[in-house]
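Handing you this structure, nothing more for now.
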Amino acid sequence: MTEIRLTGLVHRYPGTGTPALDGIDLHIPAGTALGLLGRNGSGKSTLIAHLVGILRPTGGAVLVGGRDAAGLRVAELARIVGVAIQDPARQIVARRVADEAGFGPRMLGVRGAALEAAVADALAATGLTDAADENPWDLGPSRRRLLGIAAVLAMRTPVVVLDEPTAGLDDRERERVGAIVRQLTEAGRTTLVATHDVRFAAEHLDRLVLLDAGCILLDGTPADLLRSERSPVLAAAGIAPPPVAREGERLGLAPTPSDAAFVAALRCAESEGRAGSRPLEEGLT
Amino acid sequence: MLRDTLLLALPVSAAAAALNLLIYPEGTTTLLVLGPFRVTAEGAQVAGLTVLRVLAIAAVGSAFVRSTRPDALVADLEARGVPARLLFPLAAAATLLPATADRVRAIAAAQRMRGLDTEGSLRARLRGIVPIALPTLLGVLDEVEGRTLALASRGFGRPGRRTLLWRPAEAGVERAIRPLLVLGVLVVLLLRAGGVSFP
Amino acid sequence: MIRLSGVTFRYAGADRPNLRGVDLLLPDGSVTAVVGPNGAGKTTLALVLAGLVPGVIRGRLEGALEIDGVPVTEGGAEALAAVTGICLADPATQRSGIHRTAWEEAASGAASLGLAREALIARVDAAFRRLGIERLAERDPARLSGGEQQLVGIAGLLAMEPRHLVLDEPTAQLDLPGTRLVLDALAALAREGAMIVIAEHRTDELARIATDAVLLEDGAVVAAGPAGPLLGGPLPHRHGVEERWATRLARRIAEAGLTPPADLGEGA
């Protein structure tokens, strides 16, 4: 069981007054695809560091798979929670892309055919198979980011955390990351994506948590969070609902946080012959 | 500052001390015998001196880095007419220690998140050296291109005088001491050259 | 005004050129969006326009470059660099690491222009005001977030009052408020006559400020022209570039076999 539970998590960086995390209560059941939304500096990366033991709580507790993370070493937590960090160039140790992706599983004791398979799968998922023999330093920044993601996928952890995975990626690369999240969820793994890319979060994740100044402001489905009456809260936290959400409301459709939701709502409305009329929806006016 | 000094000095001084303690052929007063190694009083003395020397060097180095504000250094040198092209490398050297420390910490965290176990035994800590040191070094090198572009775009290397914004105030005491310190260094060097030895 | 004719550039030691036969006209007062998938040559184009390539990074440049009608010759990279400011994607490498405050950090570039002290101070203050980041002036640059660092870097460029401003994915690390701040400031600059070139992935954000657009793929210009039709049309999707939200939505509706509402996107 790899559910994650944060209870009253507080983190104060030494020498600072205000806490970076100010009492976080969060329960992430196994298999969730969760988006941690928030502007730069809202505490997303700090929270992630707690999941893997790099930071230890100033107050409150972090439970990973039912066990208190405080009693586990970082290397032990790394078997359960794999993190793709924001600056993937930081960790490059190998001269070949394939070896770089293999560093993590190797640390976890995977060898031989199992290692090769893990690396091959990870490179395939991130579109880096043809770059397997290249030097990671020769890759462009976006492919390095994908390599960072491949390095985590290869570790085959039950929980996968991606910290700003779509920054600097082009359209096709973004879709690829979305596909990765989908595959992870289908395989029953827990995925946590920290991002300020609202469109990506709304399209690929089932549950969104809005973080601002170290506190959770909202926690719900994309449809819940990205409705127009949430706009003031979202705006104060530096987030805007994607245009498709506003468009769906304007046309009187059921909540449409993503393109797919819009298409579904449109199909529903058309098949009921109600396209263009305003359906009664609680709380929409 | 004490911590920096010790961190820098420890590996080298430990190695040198161990060497002199255990193997000092010129030593005549044997204190004890440990297997193939012979600990002598003379060896112990030399070991002690070596450790002190290394500590002194490390202390001076870290004192310089800790007490020097890189921006004050740059501003003062600039005011004294040092060309911009020389300024930046000098200042970069002064910021090297804290900047590298930050980088190492971040890299250590990143690698630990991939399962590198650096907690616990000495062996574990040693295992961690290459996966942390290598990206540190390569990361610095990789950044050189980006940094060069940024500097070039900000006009470094352009001919002409730079506008001086400020220059650090100099206390009267500092101004008085400076010539004395320079004189002191010269005196020590001359004495050394003349064969006078210090411990 | 900058004109490129048949510009081809190959980095030293590379097997293929990064830019192939690029023809481009960048008028004053324009905001030109450079779009294309990663690897298309957006960064190389930015560096060529800023005179940093082949100046700082070695390679072979072929073709003709003109600034305000005057051809840029051998060693003319300096001429370009003198009138162009470039902002790159990574804020950390653009920070000198020397200065204690963001204000001094921003002032270091303009300090190379040989201005009088008062003039320099006035320029840097104005740049901070324009970007609305006065509150960052006394902060330690190393402790700012990536987005804040970018804004300080851009303030530093603005203080140099370049004729042309080139930005290579300046908002890659910024969240939405930061992105809007930067892009709005750039639009205001363009209104004052500066020529701005910006490479960026978020097409909707670009469309708000871009007057012209260039679509690059594989080092070549696929299309160039007014921003509205180019960014809102079918070409971006065909070449791996993010579409405008209404365009993408209409496409997905059509793909699902449904009829897009007639007024789709008009509420935007």
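Should a chain be cited, it is by its letter among A, B and C, assigned in written order, with residues numbered from 1 in that chain.
Simple rule for what comes next: a contact is a pair of C-beta atoms (placed from the backbone, for glycine too) under 8 Å apart; a residue touches a chain by one contact, two chains touch by 3 or more.
Computed from a prediction, not measured in an experiment: that's the story for all the values here.
Counting steps between touching chains, the shortest path from subunit A to subunit B takes 1.
Most remote chain with respect to subunit C, judged by CA-atom centres, is B. Each chain gets one centre point, the mean of its Cα atoms, and the points for subunit B and subunit C are 40 Å apart.
Subunit A and subunit C have Cα centroids separated by 28 Å. The multi-chain contact residues of subunit C, meaning those touching 2 or more other chains, are 90. Multi-chain contact residues, meaning those touching two or more other chains, do not occur anywhere in subunit A. In subunit B, no residue reaches two or more other chains under the touch definition.
Subunit A meets subunit B in the complex at residues 49, 52, 54, 73-75, 78-79, 82-83, 85, 87, 89-93, 103-104, 107-108, 137, 151-152, 155.
On the side of subunit B, the complex with subunit C involves touching residues 69-71, 74, 84, 88, 91-92, 94-95, 99, 143, 145-156, 158, 160-165. Touching subunit C in their complex are the following residues of subunit A: 39-41, 140-143, 167-174, 196, 198, 238-240, 242-244, 246-247, 250-251, 259-260, 262-263, 266-267, 270, 275-276.
If you check the complex, the residues on subunit B that touch subunit A are 106-107, 109-120, 130-131, 134-135, 138-139, 142. Only residues 47, 50, 52, 55-57, 81-82, 84-86, 88, 90, 92-94, 96-100, 104, 107-117, 120-121, 153, 156-157, 160 of subunit C touch subunit B when the two sit together in their complex.
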